Amino acid sequence: MSGKKRLIDENGLRVDGRRWNELRPLKIEVGILSNVDGSARIIQGKTHILVGVYGPRESFAKHVSLPDRSVVRCRYRMAPFSVEERKSPAPSRREIELSKVIREALEPAILVEEFPRTIIDIFIEVLEADGGTRCASITAASVALADAGIPMKDLVAACAVGKADGKLIVDLSDMEDKYGEADVPVAIMPNKNIITLLQMDGTLTSDEFNALLQLAMKGCKRIHEVQRKALKDGFGEIKNLVLEE
Amino acid sequence: MMITPLPVNRDLILGSLSKGVRSDGRRLDEYRPIKFEFNVISKANGSASVRIGDTYVLVGVKAEIGKPFPDTPDEGVLIVNSEFVPLASPQFEAGPPDENSIELARVIDRGLRHGGAVDFKDLCIIPNEKVWILWVDIYVLDHGGDLFDATALASIAALMVTKIPVVVVEGSQIVVREEKRPLKIVDYPVSVTINKIGNYLLLDPTLEELELVEARLTMFTNSKGEICAVQKGLPGAFTYDEVMKSVELAKSKGRELRSILLESFNNWDKNVRGALNGV
Amino acid sequence: MMITPLPVNRDLILGSLSKGVRSDGRRLDEYRPIKFEFNVISKANGSASVRIGDTYVLVGVKAEIGKPFPDTPDEGVLIVNSEFVPLASPQFEAGPPDENSIELARVIDRGLRHGGAVDFKDLCIIPNEKVWILWVDIYVLDHGGDLFDATALASIAALMVTKIPVVVVEGSQIVVREEKRPLKIVDYPVSVTINKIGNYLLLDPTLEELELVEARLTMFTNSKGEICAVQKGLPGAFTYDEVMKSVELAKSKGRELRSILLESFNNWDKNVRGALNGV
Amino acid sequence: MSGKKRLIDENGLRVDGRRWNELRPLKIEVGILSNVDGSARIIQGKTHILVGVYGPRESFAKHVSLPDRSVVRCRYRMAPFSVEERKSPAPSRREIELSKVIREALEPAILVEEFPRTIIDIFIEVLEADGGTRCASITAASVALADAGIPMKDLVAACAVGKADGKLIVDLSDMEDKYGEADVPVAIMPNKNIITLLQMDGTLTSDEFNALLQLAMKGCKRIHEVQRKALKDGFGEIKNLVLEE
Amino acid sequence: MSGKKRLIDENGLRVDGRRWNELRPLKIEVGILSNVDGSARIIQGKTHILVGVYGPRESFAKHVSLPDRSVVRCRYRMAPFSVEERKSPAPSRREIELSKVIREALEPAILVEEFPRTIIDIFIEVLEADGGTRCASITAASVALADAGIPMKDLVAACAVGKADGKLIVDLSDMEDKYGEADVPVAIMPNKNIITLLQMDGTLTSDEFNALLQLAMKGCKRIHEVQRKALKDGFGEIKNLVLEE
Amino acid sequence: MMITPLPVNRDLILGSLSKGVRSDGRRLDEYRPIKFEFNVISKANGSASVRIGDTYVLVGVKAEIGKPFPDTPDEGVLIVNSEFVPLASPQFEAGPPDENSIELARVIDRGLRHGGAVDFKDLCIIPNEKVWILWVDIYVLDHGGDLFDATALASIAALMVTKIPVVVVEGSQIVVREEKRPLKIVDYPVSVTINKIGNYLLLDPTLEELELVEARLTMFTNSKGEICAVQKGLPGAFTYDEVMKSVELAKSKGRELRSILLESFNNWDKNVRGALNGV
């Protein structure tokens, strides 16, 4: 976050030509895998992720299950070739943390009480990472859970916002994430309008933070429309989309 | 002598919260007394322990000379690790750090880093070649509820008393002197963790209250009142209003914690200097 | 929604095989349609996915500069890894590669190496000091039966589209240019895996058929029709005649697979060049 | 397999003076360990291996056992001092693969259906490795299984063949394995005349492959005689032995 | 143990000014942790250790428990900042060995037969290490076991003795341990007068060994008094103390 | 064929011990016959196996060139590892060394080191830069009771026959010659392990007796009769008198073991030299 690179040009355009409040192209496909109970593929900019869901299924390891609810497990991993420098396949501390926050962003939406003594497994494979992988993972995982027929209170839609060259921006790319001044991934349950993921890296005044949170929630709602389309038709898409100001 | 689950009385606790007061008499936004000890480990370059109620955490800082990261060739390196040792809680298992311990360490790392605690350029010895690496090792010794805020305080406190050897570069040789100097501390980021039980937001939960917490929001602020790291945890959710209320709590309470930290440090520092001057 | 074991009907499948035809209408030595995608991962130096029926595998190649092995000081290094990620099959567990994944990676490695796929000398930068290391990472994304043949195809396909930076040695300095060049591909080894059920030998089993396979024989051939790697797997056995029949299958079907590979590549390559030339 | 070293001299003799179709000296001892159910030692050239077998024994870990058959497990390991450069004791990928192929070469011979819900453990310790360790392991393990009284359809005998300096050869040594043009380890059940191990590294025409496979099967049969002798008398041996052409 | 540094000066005083038979200041606090069944803190010179005890508690892992006695487990670990060079958190071979010898020094005193099918867990965290950590761990752990109400035949008190610059010394510091000629950690059950820990590193004649063992037993008895005081009052202490000759 | 626990008859064994004789006719302080084999592994720099009754251990020594420890810049390095391989006992599990294996290796290490077995300065090539590292790998192949004493004997025996290449330093280059030379062996430390059953102290227990051993005391002595390493093991205790009696046993029996070691070595050495001289 050293801010050395110029991320917004004199016309207010970002390195990939987007405006500050413009989402990247987004595609969601549903039901793409044959051996899982539910699955989805998300391509957001160049970020490319597959999610597979198993469950609710009985636990082989008895000590994992709970008598009054389903246990949700989540594993987020990046493929060795998904990033600039080859990543070792051993789980990094970052992957372990993200697995946890992604799970905790999805759990509020799942009706875990309906399936006591079972396990729901969410497996996330990042095939290419170009910024916003945790948000894209949540967006896709929520679709895959629905595809598995797991009862949910709501979908969960996620969107990162942040600040670069002093400007607030939406749907950060890799470069903006690395060299910007702040990165704020947010997930919401769009119908209930509640926040299930919120993290921040960087420095912001409380006014900026407030503005960004509202911007993120707007982004999540547009992404939610794509999720619904995908669940209905097997495929949902937006090209670049400018959020209303 | 058998360990039994905490007999948490949800109704009792919620009833109490609805009156704006907690089982131990505190207001919802009130911390238990906070006690610092500085430089408790003489083999560390710096260390501090913090107690908040039964919570007891110890942070040790070790400095060693190593290579900088390629993208910050003129800056020192900060590495935060955390051990939830099993004597702190029957829930902590022996073995490598689990997701809770890793999350805590990574959030403290971001708080210190984006909070601008340390002047990293001051830790450069030879650009691209040799810099100081600061290992910040968090030890949770007794789990009494609010781990994030206690470890955040202990971490910045340990850095405040950390001393590293004076090094002199002679040609391509690095001479490490006996003499030591403090780190350049630039800011004092502190964390305030907001805990949600039902519709209530409370600070510094006891272990009993923690059993009922549905979601938590940890927010670091720096001395300018800016937010410098945020982490939502646990499988619950917040409304937009709750988040904005949390921001205000984080700012006001952060100021409070920062002044307790600085006062404790100054008292200690005065005593140490007093002792050194033979007073 | 619970996972139940595949209800494999042994008699039905065997009955079908005895008529020389399979439940999906294929002959015993017939592959399902094979579909390639090239350069699907832009951060990799090369990548390809292959689908054969439900089987879906992705291979990414990353090139980095490193040290050669002492016994081949003027040759690049090839390292093949394989991940059977859990979303590909309920039988694949999270964790480090198990014996199945390791076996697959090592067999693909031998097939590429002895099949002479890549000119290793072309990957030398400074003998004894610096060479290109090619990491070939196999990702099995959906397990639909025939993993060896699909990953073998995806691996050679990924190498065929791999580009590495042009490097220039100036004195003892290595300058890595923006400009990229393809690998020197020398041969196109492909694998044909013969699966034994009862007295029948069949190719490209479905998951259902795979449950009945007693022994398998994976055979790599190069474009001259030479055998360049063999691996028998599973706890069954082959007669001498079955092995010799397998050799013939490996040669004839290998030729077939190789021409599908080259045709797919050429179509893709034409489109890419077309696109570059603005056609 | 760069073929740089001269492996066959002008008289057609190999680096250790053998003819192309000559086996190394081979010794098999049975029942050499006191705490296992069956054991064997094999010394083939300088290759030196101990095998111990436990079982069929009840499984402590329930999830490992099967209701209709015994589960066979196999662990092949090389001692740190067994090779030129000290080997780390951590299991290598090669050791994991070899454990698997050795197990799958032995399993066809074991009457696993006779002992449901049990485990048969085969532990292989390579004390010195001078080529042909997987074949020697199979040869010795099959004897150790018989020594443990485990019912088998047949013994399993193994022998490596290959190609060096353009010539087909039998029972490869370390040097021939490393610098030759092809290495083909083969195991058979000699009475049933079926092949339970078959691997190949290198490049061969199908005619060469055919010839080598036949050569290997001849070698296995001579090794089988030593196995039988060892099981009968506790010790079996051949000095250098030239296979009939 | 190269003996290069001068450890005893011309007045017979040690590097920290102690006489040969003088113990370091010692403090023991009891019941300092809130979530364990028993706990103690020991500060001996600059060595600083916390011990927590759980149990007897039921075993979650059935295969760990025994039908006729409680199983005692012990984990000794050093904090990364406890030593001169930062220690990696991964358990070292030294820590694994010490966990074992400490456990075996404590077990003779515990009435394990009274709690079949249970586990007693002893967790030792060395916060600062300045010599004598295994002895201080035993001294503190024995107090923590008593604090947990676990029935014992006797306390266990431990004290290291050794040799430096040719002289016998008691309660070795880090420097004396590293650069002295011998280090002999000893633990006894003071009322029963039996030895439960005995190790030696270095070189000693049997007469020296005999004299040191007697010296150690004297030291243990004085330390035992502090243990008893701590268990009675929650806190026990000695300043520097010279053992009678 | 199932493994059953050893049917140890405590009364029988104790009754026998009370008469000063053991079930196999030995006196309490009597070892079973000890058999050495030297240089059994030709790829090791040195190796030896020892059998005592059913106990069978093999030690291999590998020498490689590496860096010295900073605090002993002009000395070679000794690293002792131990593997309790599962074919030696049903109690030995596959996997990384457990506490028993680690304890054994560390005790043998201390015995060799403080017993002054090897001249470490003779292993220095260039001070601060390059020294010989000796890897002593202990393999327990059959567990017949007395592991410490057998592995101690095998370790010193393996070092006695270890040969390392002659190296010549030319400028800053190290030339490793084909020619080999033996290590400089300075002393012959051996271990005697005293085992306590009830009030009896006995040496070299059988597996059956071992089941009853409450405590053990392993004592290394050097040729001067000095004690050079001690380790008490197992969850039992010793009286002061028992320890002092053990010291005397360690000295007298250590002398006995040392002469068996040297005699075996000399016989072997004579044969080898004889063979070399064509006798």
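Lettered A, B, C, D, E and F in written order, each chain numbered from 1.
Heads up, the rule we're going with is that contacts are C-beta pairs under 8 Å (C-beta built on N, C-alpha and C of every residue); 3 or more make two chains touch, one makes a residue touch a chain.
None of the values given here were measured: they were computed from a predicted structure.
**Q** In contact with chain A and with chain C at once: which chains are those? Just list them.
**A** Per touch definition, common to chain A and chain C: zero chains.
**Q** Trace the shortest sequence of touching chains from chain B to chain E and report its length in steps.
**A** Minimum step count, chain B to chain E: 1.
**Q** Report the chain whose mean Cα position is at the greatest distance from that of chain E.
**A** Measuring from the centre of chain E, the most distant chain centre belongs to C.
**Q** Farthest chain from chain F, comparing Cα centres?
**A** Result for max centroid distance from chain F is chain A.
**Q** Report, in whole Å, the distance between the mean C-alpha point of chain E and the mean C-alpha point of chain F.
**A** Those two chain centres are 28 Å apart.
**Q** Quick one: report the Å distance separating chain A from chain F, using the average Cα coordinate of each chain.
**A** 59
**Q** Where in chain E do residues touch two or more of the other chains?
**A** Correct list: empty.
**Q** Specify, in ascending order, the residues of chain C that touch 2 or more different other chains.
**A** Not one residue in chain C touches at least two other chains.
**Q** Quick check of your reading of the touch definition: is the inter-chain graph here a line, ring, star, complete or other?
**A** Contact map by chain: ring.
**Q** Since the chains close into one ring, what order do they take if you set off from chain C toward chain D?
**A** Listed round the ring from chain C, with chain D adjacent next, the chains are C, D, F, E, B, A.
**Q** Where on chain A is chain C touching in the complex?
**A** 33-37, 39, 46, 48, 50-52, 54-58, 75, 77, 79-86, 89-90, 121, 123, 125, 127-130, 148-150
**Q** Contact residues on chain D for chain C in the complex?
**A** Touching chain C from chain D are residues 1-2, 72, 93-94, 96-97, 99-101, 103-104, 107-108, 184, 189, 192-206, 209-210, 213-214, 217.
**Q** Which residues of chain B touch chain A once you look at their complex with the stated criterion?
**A** Touching chain A: residues 72, 99-100, 102-103, 105-106, 110, 114, 116, 215, 217, 222, 225-240, 243-244, 247-248, 251 of chain B.
**Q** Which positions of chain B touch chain E when the two form their complex?
**A** Per the stated touch rule, the residues are 1-3, 40-44, 47, 54, 56, 58, 60-62, 64, 81, 83, 85-90, 94, 96-97, 135, 137, 139, 141-144, 207.
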